[in-house]
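Can you keep this structure in mind? I'll have questions shortly.
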């Protein structure tokens, strides 16, 4: 029996309500497309071993997020694991592994919303993995042969995965009009620049351990994945450019409003389908709120009462039978 | 003259799992300095759970005192230096790339100066007869070697009492023999949870039987191990 | 990993998992497509989740307690209260004394409150889904709705090994805690931050290495049981008529709630 609390929600799992439905849908579509590609590529790369390998590693990453170290007093650093998964398994399997982890976290532990899951998968599984891959393979090639090359590449890959993912997260929140971009972006960026250091340190140390024990597991994979390299590079570049642009805009909300312009126009079109109906009472905000409150309370208490009656009847029946 | 107060004193210890199931049911036990005691019982009797209470990993109701110190949150730091817990699976305790680093974890965490750490590591490795293993990678060691390194990682903290959870589990006959010889040599007070009845007979003059979270018997090993009915009642044969 | 599923024999537990998944998604969509300041609608959505919690015998306290998770993210939306077109300095005597002028926007406040409420209720819906459906049923339902087989297999295996590997991590954390002590005298315990991170990294490395080896053993075990790379396909049972009626009723109710929200919102 497992006696541990579920991992605390991390500051990158967006709950429902903090990204708009339109943004959620857009990122759901993007994530589904990319994960579909990953499914085919992973099978091609790993063959029959893919299910046991990815399944068990997903469990390891999920559980590994419980590993912590004290940073300051009560706060502690944790591992997200996208970089480690990428370095150990390669980019396409890592995308599937991280997607599994993030999905189950949302479904079962409400760590991140269900509508927002598409965006969360995009940030943590897709950006996290592709940015790690770009940074790691690039740096490793440059630092080839140096003893500390592995640690540095791992550190920077892990740091970048967290940092760039947080930029995407901030932009999604800003585009949804939930937080002004000139607040969300710097806030997320600075917090995750720090969190990324923890991820980097843990990742580098984990790689050092694995290298000392089983060097063969860290050999560069035969044949890189150019698609991911290009895609990851573009994403990282785009976010790096967009973010300072968004946060330096004098009135962050205005910039967001411009973006929302085309989004809200779509919405008002839908609303216009409903005729300008003013039911007596509904147009009066206070009255309709009170009415709704009364209805709500009646419904809830009605159900509670009904259940209590049913329980009492069941208890009476079973005691009369015994 | 040192007063003969118990090194570990457990009074009426009770513990429930989060799901409500009872794990420990009013345990009373006293461990005197220098004793070597076996803790035996069927699987699920509560042996491991009891051990985890002795250094504060788990917290139940009732009182535990270590060397006169009450076991509570404020004292955990000191108590973990007094009570050395060696877990069953060495892989769970070894996380460095060299034996030295693993054995050095304890004293390093304590904040001891570098020279002191070095001395302690050397002494601990000597005690387990692995003095030339300091730069080896624990991952590549055999099961028996890993077990001894795991013991060294605890010895480097110079605890007053050593607690073992199934020390001979999974060892081949030779490694087992060597481990028992090592445990015989070590001077510390010991509490050993085990299924290995021959070990119990060889090593520990006193045996405590645990059954369903309560103490079912506590006395001289020779008497207890000869009592076939007692062993049978408690799932030990 | 404690399962959020709490067993009970309520009508909600007995519902087809596919119906529950679809209704939860429709609920989330209609709630989050409800405009801001639609307080009457929000109240009705809340009474809906509380009613389902009661029907499911999981208790309203359970749902409310667990839904406090979204709180930290509320901070992200807080700036809305202070920005916004109609931001005016708050005329509190205390602030005037201190010479502070805190602009507060009523529109921003309404927006913030709406986001917070919608998010809170959304989390409750997700909690109800997880709390009334066994994980394996959930996975099967998702597969029948369209989740690819390979994915289902990966998640299934992950779930199967989560408690095993989770316990491994727990043991590692306990072993480390057992060796984390203080020394008498003027020594500062804890070591440096970098050292602590390195130790944690070593634990992670050990964990992943052992998991890689475990996956080899799992693969061998699967092979010896006849695994050939094909995933078993769950038989597609059609949704029963009773469940279909509940599904339609639920969707209709949510659509009506959504329209109500449109009328009462801004």
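So that you can tell them apart, the chains are marked A, B and C in the order they are listed, and the count of residues begins at 1 in each.
Here, a residue touches a chain if its C-beta (ideal position, glycine included) is under 8 Å from a C-beta of that chain, and two chains touch if they have at least 3 such contacts.
These numbers come from a predicted model, not from an experiment.
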Topology of the chain contact graph, where touching chains are joined (line, ring, star, complete, other): complete
Which of B-C and A-C has more C-beta contact pairs: A-C
Centre distance in Å when chain A and chain B are each reduced to the mean of their C-alpha atoms: 42
Chain A-chain C separation of Cα centroids, rounded to whole Å: 12
Distance from chain C to chain B - Cα centre to Cα centre, in angstrom: 40
Touching two or more other chains - residue numbers and ranges from chain A: 3, 208-209, 213-214
Contacts with two or more other chains, residues of chain B listed in rising order: 18, 95-97, 139
Multi-partner residues of chain C (each touching 2 or more other chains): 2, 168, 172, 190, 199, 202-203, 205-206, 209
Chain A contact footprint on chain B (complex, rising order): 17-19, 95-97, 137, 139-140
Contact footprint of chain B on chain C as seen in their complex: 2, 168, 171-172, 174-184, 187-191, 195, 199, 202-203, 205-206, 209-210
Chain C partner contacts - residues on chain B that touch it in the complex: 18, 52, 55, 57, 77-81, 84-85, 87, 89, 91-97, 105-112, 139, 153-154, 157
For the chain A and chain B complex, residues of the former touching the latter: 1, 3, 208-209, 212-214
Parts of chain A lying in touch with chain C, wherever the complex brings them together: 2-6, 9, 11, 14-18, 20-21, 24, 35-36, 39, 42-43, 47-60, 62-64, 66-71, 77, 79, 84, 88, 96-97, 99-101, 103-104, 106-111, 113-115, 173, 178-180, 183-184, 187, 198, 201-210, 213-214, 217, 252-253, 271, 274, 277, 279, 282, 285, 288-289, 291-293, 295-297, 299-300, 303-304, 307
